[in-house]
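Structures for review follow.
First chain A sits with chain B, and in the next complex the same chain sits with chain C.
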Partner chain A sequence: MKTADVIVIGAGIVGSSTAYYLAKAGLKVTLVDSRSPVTGGSATQACAGGVRQQGRVPVEIPLGIFSIKLWTDLEAELDENLEYRQDGMTVVTDDEQQIARLSDRVKREQALGLDIRLVHNSELHGLIPGLSPQMRVGSYCPTDGHANPMRTVNAFVVAAQRRGVRLKWNCAAKGFVVENNRLIAVKTVAGELACRYAILAAGYWSQAIAAAAGINLPFQAHALQMMVTARRPPQLDQVLGWVSNGISLKQMPSGGFVIGGGWPGRGNTQTYQTRLLPGSLAKSARTTVGLFPSLAGIPVLRAWAGIEAFCEDEMQVVGSVPGLDGLIMAAGFSGHGFAVGPGVGSLLAQYLTTGELSAMLAPFTIERFGNDFSFP
Partner chain B sequence: MKSFDVTNKPENELIICRCEGVNLGQIQSAIKLSGAQTVNQVKKLTRAGMGLCQGRTCAKAVESILDTEGQSPSGTEPYQARPPVRGVAVAVLANGADQFDEPAGPVSVAMTRGADDDSAK
Partner chain C sequence: MIPDLRLKSHPVLDVSTVGRRHVTIAVDGRPLDVFEGEILAAALWANGYISLGQNPSSGSHHGMYCGIGHCYECRVTVDGEEDVRSCLIRVQEGMQVHIQKFEI
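Up next, the complex of A and B:
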């Protein structure tokens, strides 16, 4: 199995990290992308760059913890500055009704091994100067943080290439060649590429590629909006969230504040073009002022959006496809793939070299949709 | 603090994007080592064009560097145009919020559900 050929489809955070870890494990890898890394319209290059463990669905917490351990050493691993900061994240609330539920989540996550605790009132405000005084309680995880998504993808790609991964850009995958229920090649616009395994990590565009092989990936595309402000001297170390309000707020090393929160824009999945809804800009801005009032006067310099694939249950699809030996899914990360990208890549490399899928990936099986996997 | 004295500097330290302090060497690296082919890719990898003037000052220079490095055909793709046309204070954007019915709220995603997620998944 060590010299098996693997084609990784898609050079976002999941594909680029998977290609890297596969090559590190000694496999012969080709990484293809329909365009090239860090082009517009797709998910990773538009994402908020959050690297967090808290707030995930409970079955994903172990994967989150594992991935953050990789993040901790990732800059050394890739020999590159990723602007990675592990200065904590706190999700706050000003709502009495939410405090008990926040507390329950924290207890659940502590039981899963996460270093997280509730912080109240003066401790909360001591940790986060500038936080709106109305906030009362927060779930504080000191090992959450953020990084630069474009630098991270680029670093994985460059490091993968150094380890012998062949890069093929402007090479869109169209489908698969299957014989006797076994994958033998990926069909691309540049012809068929023979392989033992293919890993489908093309974000939303995985759906059409999988459909060509008769596999249904129940994805919906959402173009989520982001904003970035002018620079200020460093005044916010942590990433902030606000229960039941759409916001993620962080300050980048370069000084600007990056504002996310799941506000929808509009995207065209054929052209990769996205456009912004003014209502989302306005409501996102209103939420920002409510969370961190001193940002009221700071100019927003730019807004953007990228297209992300969401599953109905908001969990990714990772793992083999029953009845089709060699095809592995790794897509549908529903707005939270950046943090777990390195973890997924590492565990998929482990899967292909040992034949055993980690329990951390088991919940994301395609079999959970109950589809019929009988291939002609 | 980045120095803006470009006299007597080796060529690759020449500042191209003055808002973000990105120099010629960094842009050449993005093109030669990371395979950037367009101004948008150079921007995303180096921050050239991400600052206060949003590329108004450095765009031509970045295009001509791409030209020089042989990326001419793709190098003519313009910077992606995005709102706002110029900086707008967060509070000014926020003041307009009530006039919009759409969207009703953020897309329901796990990251914003936070403590609301009582599912046993």
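Up next, the complex of A and C:
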């Protein structure tokens, strides 16, 4: 007897949202995680919480736009405060050479239907009081924003449970039971769990699980560092980015500024332990003060890191695997999975119920690697 | 009236307060009689200032946790300087301490 229609492996933003939307679509779902949701060292834990559409590769823009439409109603959908703010995001530059490139990107994204425009000098500084006066141009997308990743994943998990999803923590997946090229169960440390479909959303750790089924995911683990400052009165509504400087900056509703942007730390994928690199922290803090000078002198309260799966082309792997009926990938989001997580979950639920893979997910299938994805 | 929460005896440490000199600091304007040279976090705790602020989102309290400068949970405003870790500094006569309140 089947224990579930679908087993979702990994309770981060992608797995938890997928489990929720699958259950909403009427499927019998079990969500498993090797530990528990958003535990230390994982990708969602290291997430800066940006909910943006801009700055994605062109093929991901439609997925971004679709996902942000879900975000707009997500707090009502999940009946939880996600600290979601849709106050816009602007990526700025002070570099003459970058202005043309930023302008090209904005035009490209406008053509794809994104509400975004270039803002200059006084308009830019009017939109973002406190921005460094040296900044000259920015790409302003009013429908971008930010949210609290921990709250969001927990809300998806709780809402999924309300809709009947079974939760199994401390239940690491080890591989799959396959009969006649068809997946019939997930092997876990707690035994085999029979299912019709398995969705692999375990971030970097998806690689080892897929390898057990002879599938080669071209992932590398990168530990990304984050910082949060002491609280200050509200002074920054938008998310700020700085072209070519690897900074994303936002102020949380509780008043702390979160500084992210992909600064590297160290991570051990076996133990999930991460180590911060003080030089990297100092440099990102200095750079951030250059972007938003009033941050100078505010202490950094905490810094942390988590391990993200970076795919070789920095795009996620989503969808079915040829030759292995029943396994569906949703991993390798390469540092940009939080905003699109709900969209991917919703579209995967649509895929499993209708058999139609949305065109928005088509660019991300494993087939883009040709035949290289399976081990000889 | 909050009782003095300091240890009265300890099997190893000398916790005697006999003969120690006193100084006066102010916490949110209220004068507080404390021992000269005492760590500020200890002086606050001993006088009932265990909550040193609240998270404006969740309402949960923070206060001295690690006692060695790592966790930043004991931060207060001292003589106008914000976010001073009270576990890392000693009281001084006339020190003006404010518990940080953060309104959204």
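Assume the second predicted complex is superposed on the first by the 367 of 376 C-alpha atoms of A that agree within 3 Å, B and C clash if a C-alpha of one lies under 4 Å from a C-alpha of the other, contacts with A are read in each partner's own complex, and residues count from 1 in each chain.
Operating definition for what follows: a contact is a pair of C-beta atoms (placed from the backbone, for glycine too) under 8 Å apart; a residue touches a chain by one contact, two chains touch by 3 or more.
Since the model is a prediction, treat every value here as computed from it, not as a measurement.
A.B. asks: With everything superposed onto chain A, say whether chain B and chain C fit together or clash.
C.D. replies: With chain A aligned, chain B runs into chain C, so clash.
A.B. asks: With both complexes superposed on chain A, which partner does A:S254 reach: first (chain B), second (chain C), both or neither?
C.D. replies: both
A.B. asks: Please work out whether A:E83 is in contact with chain B alone, chain C alone, both, or neither, and reply first, second, both or neither.
C.D. replies: A:E83 sits against chain C, while chain B stays out of touch.
A.B. asks: Would you check which partner chain A:T18 touches, where first means chain B only, second means chain C only, and both and neither mean what they say?
C.D. replies: Neither partner.
A.B. asks: Looking only at chain A, is it chain B or chain C that touches more of its residues?
C.D. replies: Counting residues of chain A touched by each partner, the higher count goes to B.
A.B. asks: Quick one: classify A:T152 as touching chain B (first), chain C (second), both or neither.
C.D. replies: In the superposition, A:T152 touches no partner, neither chain B nor chain C.
A.B. asks: Which partner chains sit in contact with A:S346 here, chain B, chain C, both or neither? Use first/second/both/neither.
C.D. replies: neither
A.B. asks: Identify the partner contact of A:I298: answer first if only chain B is touched, second if only chain C is, both if each is, neither if none is.
C.D. replies: A:I298 contacts both chain B and chain C.
A.B. asks: Does chain B (first) or chain C (second) touch A:P58, or do both, or does neither?
C.D. replies: The first partner, chain B, only.
A.B. asks: Once the shared chain is lined up, is A:A230 touching chain B (first), chain C (second), both, or neither of them?
C.D. replies: So A:A230 meets both chain B and chain C here.
A.B. asks: On chain A, what residues does chain B touch that chain C touches as well?
C.D. replies: In chain A, positions 230, 254, 298-299, 301-302 sit in both the chain B and chain C interfaces.
A.B. asks: Which positions of chain A touch chain B when the two form their complex?
C.D. replies: Those residues of chain A that touch chain B are 36-40, 45, 50, 52, 55-59, 91, 93, 98, 101-102, 104-105, 139, 150-151, 154, 157-158, 167, 169, 222, 224, 228-230, 241, 243-248, 254, 261-264, 276-286, 288-289, 295-304, 310, 313-315, 334-336, 363.
A.B. asks: For chain C, which residues are in contact with chain A within the complex?
C.D. replies: 55-58, 72, 75, 82-83, 100, 102-104
A.B. asks: Spell out the residues on chain B that touch chain A in their complex, using ranges where they run on.
C.D. replies: Those in contact with chain A are residues 20, 33-38, 40-41, 44-45, 47, 50-52, 54, 80, 82-84, 87-91, 93-97, 99-103, 105-121.
A.B. asks: For a test of understanding, state which residues of chain A touch chain C in their complex under the given definition.
C.D. replies: Listed in rising order, the residues of chain A that touch chain C are 83, 230-231, 233-234, 252-255, 298-299, 301-302.
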